[in-house]
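As written, the chain order gives the labels A, B, C and D, with residue 1 at the start of each chain.
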Amino acid sequence: MDDVILTVFERPELKDPILIEGLPGIGLVGKLAADHLKDEKKAVKFAEIMSPYLPPQVNIQDDGTIKPVSMDFYYIKGKKDIILLLGDFQGVTPDSQYQLSESILNFVKEMGVKRVYTLGGLGTGSITEEPRVFGAATTKDLVTELEGKGIIFKGGGAIFGASGLLLGLSMRMGLEAICLMGETHGQIIDAKSAEAVLEILANILDIKIDMVELEKKAKQTQEQITQMSKVISTYQKAAERQQEMLDENPFYIR
Amino acid sequence: MDDVILTVFERPELKDPILIEGLPGIGLVGKLAADHLKDEKKAVKFAEIMSPYLPPQVNIQDDGTIKPVSMDFYYIKGKKDIILLLGDFQGVTPDSQYQLSESILNFVKEMGVKRVYTLGGLGTGSITEEPRVFGAATTKDLVTELEGKGIIFKGGGAIFGASGLLLGLSMRMGLEAICLMGETHGQIIDAKSAEAVLEILANILDIKIDMVELEKKAKQTQEQITQMSKVISTYQKAAERQQEMLDENPFYIR
Amino acid sequence: MDDVILTVFERPELKDPILIEGLPGIGLVGKLAADHLKDEKKAVKFAEIMSPYLPPQVNIQDDGTIKPVSMDFYYIKGKKDIILLLGDFQGVTPDSQYQLSESILNFVKEMGVKRVYTLGGLGTGSITEEPRVFGAATTKDLVTELEGKGIIFKGGGAIFGASGLLLGLSMRMGLEAICLMGETHGQIIDAKSAEAVLEILANILDIKIDMVELEKKAKQTQEQITQMSKVISTYQKAAERQQEMLDENPFYIR
Amino acid sequence: MDDVILTVFERPELKDPILIEGLPGIGLVGKLAADHLKDEKKAVKFAEIMSPYLPPQVNIQDDGTIKPVSMDFYYIKGKKDIILLLGDFQGVTPDSQYQLSESILNFVKEMGVKRVYTLGGLGTGSITEEPRVFGAATTKDLVTELEGKGIIFKGGGAIFGASGLLLGLSMRMGLEAICLMGETHGQIIDAKSAEAVLEILANILDIKIDMVELEKKAKQTQEQITQMSKVISTYQKAAERQQEMLDENPFYIR
């Protein structure tokens, strides 16, 4: 089995597209923002990555059919053509993060992408009414350009996972890349922070994004998590107990 | 050493065979059900997979000989020809789950399999007198077909391990696949849930399965686990202590 | 870097040699027994395996020089020619156990080995004055042959690591293989159990082994461990603390 | 993606260069010493290694640009030409330690290196006013040579990670290699121990190293760690919580 299995459903004609990454991370800020952008702009899925580097599971959809774990590519045509990278998971091992990030960049570079935005959260441990948006970029020129857009650049810290590696590997491949991080508590799903990130992004891209549904979506997510937490915790305990039974019992009869 | 070493002892002539998977999972529901089906129908082992993805151990059999860890293929000829996939373990790493599942499907597809059933448990944390059977499938048509058989389809949740990946990878390979999950507590070995799954399966396949031995077997398993738990816990502690000794003691003399 | 790097220093002429494995395991029984056999019979090292599957460290010898971690092959010429497999570690990941075991068997098979003995301990949690020796083998004929030598065969349980896999893989490669397990508490370094295993082995091989030094060696080892435990625990805490500092501090200045 | 990606910016002409390794380890002794040597001697970076074996993250620099995780090669021309190997991380898995160490040695051997010094700490659990420097080397001749320089050689113990493996692999590649270990508590960042190591090294190499900045740097590092610990712990908790949310919630809506 190949490490990264890319399936392309459609080859859209895009003009100077940018890549926007919104995989899960701190406060789900990046994922919420990018998922919302997809919904608002009716983005079209055109490719996906399956990989043994992703968790070994499938998800059950509302109609009873299953969906394999994947990273999904969507496109939005507009004033500025956009490719979105969405998904529910990142690579499960350190090296898989590198392999997946490189495969993603190879694919979008081939599609004409020259600039990459990665979206994430910056955990502070406190709740802020007006979350700021911090940035990091591959070149000093980019930093200067984006400081004018209300993004705060300050040294120190690290960016983990795809949001970081897509920047690191972009440098090697001659792409420009920026990470936008919304200030967030870190232990809550943060729609407000996602909104702050999206507003900065809308400003940069000169597009409009309706935010009404975003807050609803975050609330929904929060409620679902609360309701389900009992079921899930049972499910998890069951899985753990089951694992224990197998571990304890090399004698299990055949 | 190859990642997946398939040994085929016999190439049975099977007519439109289906694959039924019963590897260990929640409540050992799937394994109990599939092992019981094997015993009742006197299934014949015809192939096995050894793999460095499986645990590095061998099991000692009653006659003092050893048996390497493997995933085993059995066949049952009847109204409907069946291939069973049985074993005591699943792959030990996330990516190995993918690799093993793909190898399994490649092999059975070559043998003519067009439909796959995976059996498992759905942990609820409570004990039910009449466990229901939940399902998930690769296509909406399959969902519709199986809803008529008393299987409950509802969205949400995920299917972990081989029971899930065999569905996910079946989609890519043009196979139909269904997961049947018996409602179960999660922390006990659940013969009742296995029976519920088998009854649904028997109905779908239009075969008869005597359930008397199934309950006995689950009781036996439970007793064996109880009796052995003291020995095993000693064994485990010994292994851990031994590991500690080595860890603590890089100075161990040669 | 190759996964298994075999270096052969000498190609001894051996007549129908057997392989005896004594890598670390429960109670260090197998290692103590095989190391003692090496010392008593003045075994000669003729080959070694280095591997990225072994722990990433080197040991410091009494003269201040270092010794890479390795698995070492020794030979003993006598009534029955013997190859010993010794070392301080086993493979660090599940799959590495398979890869190393297969490489070992390929090498010794090429040297004419047709029968393999693996030595280990069987943890019981209690201290026994007269430890029994349990066995497991690749064929029923071997079981019958060895029952006559005072080895107890009883079903159930598993053999973990190299002592198990060397049996499992021997089956595939057409070699005979036996595991001898000395009854042991599991949480102490057990010279008495090692002696019991060696006595059975000496009887099988029709050789004499002086046991005086064996007990000394185990005592020495025990004393060394006790004396060093304070130093080592400091060392370990230091390493852990250091790791924590790095983990906590992605901000470490360059 | 290749396992080890070496980028060479400049090919300096060096006369019989030695390699000095100062990657993070016990008490950060080796890293502090080597980083200080780099600063004092205005070492020039000429090559770097990126690798999926290193942590999947990028660091944010003071000017807002990012820096991928790397191992960096610097050179110092002088009485004795020196290549420095510096970095913030070691390989994340056992086997990656082997692969990276081998790649490093292949590269510097090609540049003419015949002798390797690795720098580290030896954790004792107590604070010493005058830390001693312990050694280990690849040959008895080296031990004898260095004993005359105030380095203490005593058997026992192990050297973990790159500082150890660079010695172990040097033996195989026909290079001379020495590990210098400064006595240190183990749970503090120890500039004093780093100074002791550097003094021995300066004496061996017959160079002068001003130590004033070294203590400042260690203090700075200590302060930064203290100041940041609150932020970082929040950050870490956020990441963990976020991971928990994903783990708990396979039901997260798309």
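Operating definition for what follows: a contact is a pair of C-beta atoms (placed from the backbone, for glycine too) under 8 Å apart; a residue touches a chain by one contact, two chains touch by 3 or more.
Note that this is a predicted model, so its numbers are computed, not measured.
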Sort the other chains by how far their Cα centres are from that of chain C and give me the top one.
A
Copies chain D and chain A - interface residue numbers shared by over half, same or different
different
Expressed in whole Å, how far the mean CA point of chain B lies from that of chain D is 48
Report the inter-centroid distance (CA atoms only) between chain A and chain B in whole Å.
34
For chain C, jot down the residues that touch at least 2 other chains.
57, 59, 156-158, 228, 250-251
Residues of chain A defined as touching chain D within the complex
24-28, 35, 57, 59, 86, 88-89, 91, 94-95, 97-99, 102, 121, 123-125, 135-140, 142-143, 147, 153-161, 164-165, 167-169, 171-172, 179, 184-187, 189, 217, 220-221, 224-225, 228-229, 232-233, 236
Chain C-facing residues of chain B, complex
1, 50, 52-66, 68-69, 92-93, 228, 230-231, 234-235, 237-239, 241-242, 245-254
